[in-house]
Amino acid sequence: MSITVRGRDLTQLIGTMSFTDYFVLLLMGRPPTDDERFFLDACLVAIAEHGLVPNVQAARMTLAADPDALQAAVAAGILGCGSVVLGTSELAGRMLDAAIARMRESGRDEAATAREIALEYRERRAPLPGFGHPLHKPLDPRAQRLLALADERGTAGPHVRMMRAFEAVVADVWGKPLTLNVSAAIPAVMLDVGFPLEALKGIPILARTASLLAHLREDGTQPLGFYLADHAAEAVNFV
Amino acid sequence: MSITVRGRDLTQLIGTMSFTDYFVLLLMGRPPTDDERFFLDACLVAIAEHGLVPNVQAARMTLAADPDALQAAVAAGILGCGSVVLGTSELAGRMLDAAIARMRESGRDEAATAREIALEYRERRAPLPGFGHPLHKPLDPRAQRLLALADERGTAGPHVRMMRAFEAVVADVWGKPLTLNVSAAIPAVMLDVGFPLEALKGIPILARTASLLAHLREDGTQPLGFYLADHAAEAVNFV
Amino acid sequence: MSITVRGRDLTQLIGTMSFTDYFVLLLMGRPPTDDERFFLDACLVAIAEHGLVPNVQAARMTLAADPDALQAAVAAGILGCGSVVLGTSELAGRMLDAAIARMRESGRDEAATAREIALEYRERRAPLPGFGHPLHKPLDPRAQRLLALADERGTAGPHVRMMRAFEAVVADVWGKPLTLNVSAAIPAVMLDVGFPLEALKGIPILARTASLLAHLREDGTQPLGFYLADHAAEAVNFV
Amino acid sequence: MSITVRGRDLTQLIGTMSFTDYFVLLLMGRPPTDDERFFLDACLVAIAEHGLVPNVQAARMTLAADPDALQAAVAAGILGCGSVVLGTSELAGRMLDAAIARMRESGRDEAATAREIALEYRERRAPLPGFGHPLHKPLDPRAQRLLALADERGTAGPHVRMMRAFEAVVADVWGKPLTLNVSAAIPAVMLDVGFPLEALKGIPILARTASLLAHLREDGTQPLGFYLADHAAEAVNFV
């Protein structure tokens, strides 16, 4: 008796494939190339852990309310991975694809195209996806590391080049420096190694699940859930 | 063309039945008696709103992360209605049923039975379900109100009497006063009017959904989600 | 000691206010008018129960996987109340408001305005919010009942009149009859009694929570969760 | 500027650590040993994908209701990873630990200890955690593969030996063959390489998140959500 997954014998995959490889196999029906694996691992590591961000707090509070239902706490944490927090990678990826298409059509270079598009965003007062960070200024070390790795491995292509072009013009267009953040770097490096745009959203969700599980295990021994809630409630002086 | 729900023509129910009545019809296949309706409304009102408790904070943080997905924020809030927070009503109801059965079997009165059972909980260092409150001391005004209403309407029966018997002995058994809280009063008044024990858990969940929707509507105009999270994170001095 | 909710003593509300009234108090800071209460109850009853729709199945399957975590099953059910399923009431409400504003500005009547707007939707191949139903043809009895009640009670105003105007032109514009469904009737009757547009989304979520609790209680005695899943999986002949 | 995670510079981890390694670092504060990594990858691959099981259906239905809220669909799927479905690994792990402790105390061997404990489960009509499977009979190929890998790599220790001892006696104790399933093999191989018992529950949740993301991406192009629900509803002939 055998179990077949994506046309392969599951028994043969157990013990020969890493979890990262298997994720790509499930997602795309084929294992990753070496570059895809390298950058998928790099991106997952870059964004898994963020400290006590809101969705981690929501998860810890939920665990405090039912310590036996770990799945409920993880789900509460994942619900906090909404468009505002985690959808930016996909938005930035779409912006890159549109910019590259426009550049090719117009025959101009990255710099001119990026400036034109940045000005359009600026004019309609829309934020440029992947730019700006409350903490990491002037540089987001995770983003710079991902882009540097793309240069090192020789995988930097049109998407990384275009993202660098945006980075070069934003300070001028907005009149102040804006950090190229990790949500800009992820689509740039992943799209250049062939990862599909529509699968980008899955990267932060998988990464954060790993981090949530670690936080929730810690909460089992060192409960913060109700403490966090009490402290936050005091802050608004409610009741 | 007609739509039938629990053997009735839905069209006839619209405009003639309150939401509370319809909830009972869905749950039990028949509308409530007058006393059931009265106490179900009273209990739902008693426990719907609790201020910025942890699950409300989790819901607000989730809304902040995806303002378009109201359902995700409500779900995150409901996930925080776990056994620790909301399961006590059912536990207290089971304790009452067991106490009444033991009293009838033994031929003793409420006082003796309640003392015996309280001593057993005390001995195995278990909390007595429905007793104790961090804030409402020595009395929980919601609980006292529900029990007083049962007296006023003449519906107080074996469950309310037994709960009062527990209230009378706890201070002596534990060596300190313990508030009879709203999770003790709900099963007492509801079981005396014939509401089934297994449906008790639904009362706090429905009540809290109403309150969550109100909090989330407020958050739409006066967002607290990320503010709460920031403040709580500072409190533990993370990162 | 007292508990204050929206400026009122909670103890005084317990036993004097229905759950529907309290929901409005939490939502708006004041109790409903008689007409608001009447139509809120009517709408909640109209849409609470839909049989074994997808989100009810998701909830039952979730309960089967952890029978002790009722809150997780309810949350799974609420997650299925997304924009496609339940957001239509708000969309239809926005369409009504826009239509009434345009009518007043242009000085034309409901019929002309509704036809113009319907043609615009038709032209850009967008569905008209609140029109069409796979089952209820040519009439949705719940929608007709709600509109008839607005006539009976004399609350039908600009929103009901405009919705009727849309109903009168859709068959002509689309070249086939399209049912005015319950998601069109709810905003029409609620907006005419002064219920705020931004609170409309809460009505289906609260209603469905009541229905989910009833389904999940039934599943406790008559489990369908895994059976449903097995049958559905057979249907697509997976693995 | 640098970001520190578990005492390490995050920038140095990006591009040098796999996602599996980073998960262990977050969970335990140190990277995995080679054997831990090997078996964690093997277990994650073994249980990530199960076809159209109930929680995958719940996730697909939820996506159909709000295609923009991927996080809500993943959360609905994770909520279905409750104790019945995924808690067995931990239960089986606890049984193994208790059995090993009893063996050491009594001075008897695995065979005698396993038989004694199996008889105790049988007597109180409790299922033996990790034994039995509706489909995989007489052997679960994933479980056998994991145990064989433990033999091959020389990591099989007291937990694998004790699980094999249970496998050898169950048919005799229950009077019929019972498959040693993947939930028995996971704790056996993981506990033998030093993975902590309390972290076992996280393995299926992380694995299933990967699989859910793949199913949901597929559903984006080939929607099954509402189709599944319709078919299941027909099966029970509801409404």
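First chain written, first letter: the chains are A, B, C and D, and each begins at residue 1.
Basically, a residue touches a chain if its C-beta (ideal position, glycine included) is under 8 Å from a C-beta of that chain, and two chains touch if they have at least 3 such contacts.
Since the structure is predicted, the reported quantities are computational estimates derived from the model, not experimental observations.
Report which of A-D and C-D is connected by more C-beta pairs in contact.
Between A-D and C-D, the larger count of C-beta pairs in contact belongs to A-D.
Could you tell me which of B-D, A-B or B-C has an interface matching A-C, in the sense that over half of the contact pairs are shared by residue number?
The A-C interface is reproduced by B-D.
Express in whole angstrom the distance between the two chain centres, defined as the mean CA positions of subunit A and subunit D.
26
In whole angstrom, how far does the Cα centroid of subunit B sit from the Cα centroid of subunit D?
The computed centroid separation for subunit B versus subunit D comes out at 35 Å.
Could you give the separation in Å between the centres of subunit C and subunit D, each centre being the mean of its C-alpha atoms?
One centre to the other, that is 40 Å.
Could you list the positions in subunit A whose residues touch two or more of the other chains?
Counting only residues that touch two or more other chains, subunit A contributes 66, 68-69, 71-72, 75-76, 79-83, 86.
Can you name the residues of subunit A that touch subunit C in the complex?
4, 66, 68-69, 71-72, 75
Taking the touch rule as given, give the residues of subunit C at its contact with subunit D in the complex, in rising order.
Listed in rising order, the residues of subunit C that touch subunit D are 51-55, 57-58, 61-62, 64-69, 72-73, 75-76, 79-86, 224-229, 231-233, 235-236, 238-239.
For subunit C, which residues count as touching subunit B in their complex?
That would be residues 1-3, 5, 10-11, 13-15, 17-20, 22-23, 26-27, 38, 40-42, 44-46, 48-49, 68-72, 74-76, 78-83, 86, 136, 139, 141-142, 145-146, 149, 198-199, 201-202, 205-207, 209-211, 213-214, 216-217, 220 of subunit C.
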